[in-house]
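Some structures to go through are shown next.
Two complexes, one shared chain (chain A), two partners (chain B, chain C).
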Partner chain A sequence: MSTASAPPATQRGLGADAPKANPARALLGRRGVAKLLLLAVAAAVLVPVVHAAWPGAAWPSALTVDLSGPLGKTSDWIIDNRDNHWLFVYFLGHLSNAVVISVRAVYLLLLALGWAGVTTGVTLIAWRVAGWRIAATALVSLLVSGALGMWVPTMQTLALMVVAVAVSVVVGALLGLAAGLSERLFRILRPVLDTMQVLPAFAYLLPVVLIFGIGVPAALLATVIYAAPPMARLTALGLRGADPGVLEAVSSLGATGRQRLLTARLPLARKELLLGVNQTIMMALSMVVIASMIGAAGLGDRVYQALASVDVGAALSAAIPIVLLAIVMDRTTAAAGARIGAAGNTATAGPAWLRGWQVWTGVAALTALLALAGRLTGSAVWPGAWFVDIAHPVNDFKEWMVDHLYSGVPVIGGTADWAAHFTNWVLNPLRDGLTALPWYGTLLIVAALAWLIGTWRTALTAVLAMAAIGVLGVWKPSMNTLSQVLAALVVTLVLGFGTGVLAAGSKRFEAILRPVLDVMQTMPQFVYLIPVVALFAVGRAPAAAAAVVYALPAVIRITTQGLRQVDPAAMESARSLGATRWQMLRQVQLPLARPALLLAVNQGVVLVLAVVIIGGLVGGGALGYDVVTGLATGDLALGLVAGVAIVCLGLMLDRVTQPTERRTTGKGA
Partner chain B sequence: MATTSAGASEIPNARKAADAAEDGREVVFSVRHLWKVFGPKADKIPDDTSVTGLSAQELRERTGCTAAVRDVSFDVHKGEVFVVMGLSGSGKSTLVRCLTRLIEPTSGDLEMDGEDVRAMDRTALRELRRRRAAMVFQHFGLLPHRTVVDNVAYGLEIQGVGKAERREKANEMVDKVGLAGLEKRRPGQLSGGQQQRVGLARALAVDPEVLLFDEPFSALDPLIRRDMQEEVVRLHREEGRTMVFITHDLAEALRVGDRIALMRDGEIVQLGTPEEIVGSPADDYVRDFVRDVPREQVLTVRRAMRPAEDGEADQGPALAADTLISDAIEAVARSGGAARVVDGGRCLGVVDHACLLNVVARIDEDRPGEVAA
Partner chain C sequence: MSRTRKAFLGTTVLAGTVALSLSLSACGKADMTKQTSPFAAAKGSKSVTLSVQTWVGAQSNVAVAKYLLEHQLGYHVDTVQVDEIPAWDALSQGRVDAILEDWGHPDQEKRYVKDKKTITAGGGNGVTGHIGWWVPKYWADKHPEVTNWKNLNKFAKQLRTSESGNKGQLMDGSPSYVTNDKALVKNLHLNYEVVFAGSEAAQITQIQQFAKAKKSFLTYWYEPQWLFNQVPMVEVKLPKYTDACAEKGTKDPQSIDCAYPTTPLQKYFNTNFAKSGGSAAAFLKNFKWTKDDQNEVSESIASGGLSADEAAKRWVDKHPDVWKSWLPKKK
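This part shows the complex of A and B:
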């Protein structure tokens, strides 16, 4: 449907729209119908055959491959040989030692600096890089983390973050550099990076555990795999997007290839590079927290433990530092990017002593001084007296909510009632429907949708991914996960499009909404589980609710932007013809913003899936739960198969919703 | 048009080139039969006589190739401003890029100061670009993250010149193009005209033998464009540097050019002085092109004069042979009678109201033989 309508639609005014749209739409309709007819013919031939061979709705067991045996054997072999096989002794062993040592070193350094030293250092760096406002935020954030009794876990997370981000940035930048300079490598790498960007974090956990076992190396490696792609992607795009006019001018002056790279291409890509660092940091934080499940100590671990015992107060105490850390890191790197991106000569602003190495020496000296002072006063770690216990009041409040809000509230019912209703009236029928639907029917629907929205290539990928799920023998849990994704997606889209339309229509509403969205988009996925558990207890409905909340900001953003960017000339001509607001929205804005809306759906699906999977931790069941169980019980085969199914599901959902034109924006921020 | 010299007839208006060579003027760029073809098997096209004669569109249909530069030959002399002019898509920008092989020519000969540019290896070519030919671009091509002075010094930095020395040189150039006081700004903080001055200073800083301009002022407002053109004319007067100037603006070509090569579909359709182009268009295309040019501001009295009749050789105001018609009109109007055209004390002829009006009214176009060399 979108194939031919998108390009003319972006240029067309309303006057031209009316007469031209109908034949165009008719043509499209015909093309869509042709695709569907083709599929119907194929189905008419294949379905009876397939049905005769394997009757029944569930994926036929004859077509499954049981991987648990071989996978279990592989896992056993790795465990047996971890200490003596050359691959581990000479390569992976060193890798894992290096990781452990560097994380440990950073952690010890942070502890040695003490709370006074770290607070001073971080605040000063934030001030230098991003200005005093963000420095103040950093200061308050660290103090709050300490006061919540989370100083040591915060330092653990920070140490892991420092190493993970450093490695991710280096690896990502090198990959990006290669892809930016070599056309062939770019063509190979781009689809891989694009795909990695849509996969849920959970999918990466099992393979690294298989190799490294549970522990810091596995956590760090998973984080690097998850966080390096945006850096690589943006580096490559930045290098390729350099103004050809400038590059030509540089060549005309006789620059060598190296000079071109160092004096022109890299500096011209600075904005993208910094955006890459920013995205890498945010993704690394998100993953470091999740990686607590595979042995990363720190704040994530605290949340994980607390969620396991549904201790909302303790979870919140650990989640607040995570959110604050995320905000500080995001704002600092974003501000640095904005400064460099601005054409102004801010680098030379301010008195001379505030510039260059002097100021950094000053920062280091002051940090050392305060660290020393902290040690001398005998409070290297956070002083125990400065502790604010929020866990108990929060838990008391939660008890009160359980008593008063969960059910029996007059007229509107309680939150637990809503969750139950959502589960009974939406999730259950959807899941049962998907399970009852013959598997070839599901495949056909997937093929039809993907083909109508995208190309035959995307349709083929989607169908193959879906079939792979069946072959792996996890059709049923996958349908369960899918039902949660679909339900959450519908809610997300209804809320997101509605809010987006409102925000696009009212500047004031958008101004109020923006800071909220900013904060929401900064928070790691894990954190969203806490409030929904507090509100809805555990189960599939809270998992879906967390997914909705997580995906909503991106959908609202893209919708608002898409509607705002509609050609003002088209809007003006519609207004001059006397169109009402509603007519303008329906006949001009929404059709012209269609690419943006499709992108919103795509992003929504990807983000919803990520959190629905993580929802396995709070009773979401299905594939996410398989991964968690696999990890917890050491049944790697179960977890790995579920992980592959998650990858397939992610691929399928992405391809089905993928508009013909490949999107260019990144995930989240 | 007079293309009389035998042996050089492949060059449009070759007499000019031949004369110049006889004058002993050095040739900086010598271009012969240059081709640049884009498309599949592009290198086969220039030698394939079955397709070289085709029009651009036929060529594209037959071979899928586009010939941006077709069999172009010309010489650029030391110290002149050589203008290549044509509409967009005529191949002029490709042509100028071929001169330093920013775009690799498909075939033909290309010499600079007698050296074969096409045979140069990478090092030699880099040296040529670094020291001998510097280019000014339509969209400036400045590095946005560098200050004005660092942009100007960039060419020297590439050459490996020390920091103090290149700063000094760059500051000198910044003053020369009238940007003193803006050294610490960044390109984004400058107007378009100022940015192009930076581009000009950057090219001048390496002290090249030839300056290449690729539509340098097309992106500027008309008034600023005028300023910049005068700047170029002034620079040329002061330094006498050889310039190759690409433009699609005929007025600009006439204002800055010593000689103009007019291109169409990759070929040079006429090459000559502004007066020759305006006074004696080679074909209808050129005629169409110069139709709106105020002829009295380009043509000289040489073209308008008629032989002196009895007694006229001794009276009336005297005008030099290269006086513009517009100035002659004023002189004739003031004196009320005919004026004499004098060259070295000898009277070449006279101009009166009728002669001058004929030129302005284009009634002289039927007399192609009268072009003064």
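This part shows the complex of A and C:
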């Protein structure tokens, strides 16, 4: 699970929850045919009726609800009352105040420690928790952040992250505890948490900013809403997954409910709990740049400001510390999780003086000492002389790349030509096809796909989600967005499966690939907005390119892992039968890894959809653009409706690509 | 086991701190408008927060104001980057003290300046803004007739892209900018499709890319803007702007069929700041320069590769005659 990186790639876990039954087999079985027949009969009865009532391909306007009136009124009410209404003054105001005080406290502490103190402290903690290799990574990362001239923004981001992660973990754990102990709460919370997984982060920004105004409190709360669900999910699943035998034994010893929770259930769930912390941290970090759109300051703000002057180099200087922070935090928590999981209750190896409170005292003392030394020798902030400027070389490189690749490359054509072909031959036909397809046709296809892969419940959810899009009156832009998502998904899968197969075949290739994938997953998408436009021209093609870059790592990882886990005995017997490498791949590995490949498709869909709004910033248009417009112009009706439509699309796509057997096995973390 | 507990100990302590600060603040009212950023310098009263908008012209205003406030008046200046309309919101809540360049938002002005009185108008910043449609100079030189909207349909074919289909492409930028382009295209019966780049960064990148390849294009753009120094552009004449047309447009935005007005760019202050902001408020009220001044700074930020602070310093060193008059008189 060490691959757990950017969200929501691994929230559902990678190999652990592979379906037991093979859904693809079942898909071809008799039940599938029966379902299809049933649907066909239903369609034959309903379609003529529906068609007679509302002809035309687009969603009938008679069936829409216009929310702009009430939403506009809500937004006006909030603006008019937020300075004096009791709800704001006595409740939300305190919330916001608490955030400001906490973040400020952490920030001042970090500044007081100075760069020497913070660097020492973080390195020592990483060493203690995760070993010397990760400690070295942490040390180098912090020094690099300083050398890039990003020390103060890094500290601001770190302060925000520390508070956001702490609040997310506590809120998530409490929710998870409740859901883990009560069956009814679990039933209520589960669909909510499932939905939040596919909810794009941008969708929260607008309501939060309306209530709290621009600034750190809004940014922090948006981050918490985004980052708490995985913690809640994993806590609940960890508690529920406890071995009943152990619990039985504990109760038979006469333990009270509280004792049982503290001595058996929580310790048994510690692996899930740590994975939850890891996921929460990664989700929170991925919000850094997005939250800067509503005034989060720190590194994200530097990236965002660099965008305004079209300065890729400056954006990268601020993005590298984000990537490094993410990698260090991921490795540290993952290693801590692995250690706890492996060592269990038998404590740890090493001499006694390396354990217990003495070490922590030592860590604190050494940190304080170096902090003091740093203070005495000079400024608490990063010394100005140790500064490396990467902005210029990066910009030169970008210019060179764009000059040579944009167009007129012999034989293969330039990137702009590819983009044009992709738009004309893939995106346009797909969009026009989806728009021309009668809406009931779309609903039927969705129902059929979801039912074949899942149960009638998932099919119903998918169909209702699609219908909701129609009712909200955004059918046409949604079809446009859907076409972009599908096209980007196909590209992602082709590239991802191809690379995954190669990586599964060669350990060395995989080792080279790993850091590349880490960077791709954690690099804020804002950084590559300018290069994709420079290469693919404004439009839907650069939006698709950005989505592919973002979704590719998860797909490659899941594919590689799935292929690796294929039973070696099956491979060996195939080889002894004289199968070529290609035959083995096609006839043994791929069919056996099918569950993992399906999971890769599902993750690909969710991730591609997460970039739709970013795509709106480079000419993707449709729903993404509407959300951005809503945010930029304070238009709650436009932004929120488009955001909800994206969520509905996400729900539908998730249900259509997720084999439902996984849910019933109960370990679908 | 003990390890697990310890791992969570830190979290618990932090959560405790949060809870404590919550309870500390939980006596009496908590007015969100009185809260400052946690990253604000701890220097107390001598601190000003300015809103930076996403375009470089606005960054130049702020860079110079910031430089002078810090070096001449001894203030600490924080900047916040926000979109235009959220910036009005932030200004009314006191999250920022001043906006130095506003392109006209009648709805917000009515709500905050006239009705709620939480924002005070601060006069013009000396620069006149103008929105319009522009074509590259190298293209207009070859086809001078393109600079009149009546001839645009003839050129639609040349301006096709894969995004605009069989129509010409009119490129628009960030969704937050004031635009009537969809209505204009419809009402002037132009065979064009408005393609939204979605952000100014994307739009500038695309214009630079077109210019490098010497391709023809038509774009929504505005001046003053530093990009003109890199990519010279010529404005396309649209039907003349009249008050009657503007009035019709405010009633029904779909009906607008004339050019964009020329807007003297305005400054706005948070009312409390305007009243009790001391010499910073006085300085910002006096802040007034010209389009050339602004462009000089913008150019060195955007294409000269200087940081905003360096660019401001360079301008300040060169033009003391301009900014000396902004400083408030010593009492």
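Annotations
Heads up, the rule we're going with is that the second predicted complex is superposed on the first by the 513 of 669 C-alpha atoms of A that agree within 3 Å, B and C clash if a C-alpha of one lies under 4 Å from a C-alpha of the other, contacts with A are read in each partner's own complex, and residues count from 1 in each chain.
We adopt the following convention: a contact is a pair of C-beta atoms (placed from the backbone, for glycine too) under 8 Å apart; a residue touches a chain by one contact, two chains touch by 3 or more.
This one's a predicted model, so the numbers in the text were calculated from it and none came from an experiment.
Note on chain A: of its two partners chain C and chain B, the one contacting more of its residues is C.
By the touch criterion defined above, A:253 lies against chain B but remains apart from chain C after alignment on the C-alpha atoms of chain A. In the superposition on chain A, A:181 makes contact with neither chain B nor chain C. By the touch criterion defined above, A:156 lies against chain C but remains apart from chain B after alignment on the C-alpha atoms of chain A. Of the two partner chains, chain B is the only one that A:245 touches; chain C does not reach it.
Contacts of A:270 after superposition on the shared chain: both chain B and chain C are touched. Note: residues 267, 270, 343, 345, 348 of chain A belong to the chain B contact set and to the chain C contact set alike, using the contact criterion stated above.
Those residues of chain B lying in contact with chain A across their complex are 100, 102, 126-131, 134-135, 137-145, 147, 154-155, 157-159, 184-189, 199, 202, 206.
Listed in rising order, the residues of chain A touching chain B in the complex are 243, 245-246, 248-256, 259, 263-264, 267-268, 270, 343-345, 348. Interface residues of chain A, counted against chain C in their complex, comprise 79-80, 82-83, 88-90, 92-105, 107-108, 129, 156, 159, 162-163, 166-167, 169-170, 209, 212-217, 266-267, 270, 273-274, 292-295, 297-298, 301, 304-305, 307-311, 336, 339-340, 343, 345, 347-348, 356, 391-392, 395, 402-403, 406-407, 416, 419-420, 423-424, 428, 529-530, 533-534, 537-542, 615-621, 624-625, 628-629, 631-634. Taken together, the chain C residues at the contact with chain A in this complex read 1-4, 7, 11-12, 14-15, 17-18, 21-22, 24-26, 29-33, 35-39, 42, 52, 54-56, 59, 80-87, 89-90, 93, 95-96, 111, 116, 118, 161-163, 165, 171, 174-176, 195-206, 208-209, 212-213, 301-302, 305.
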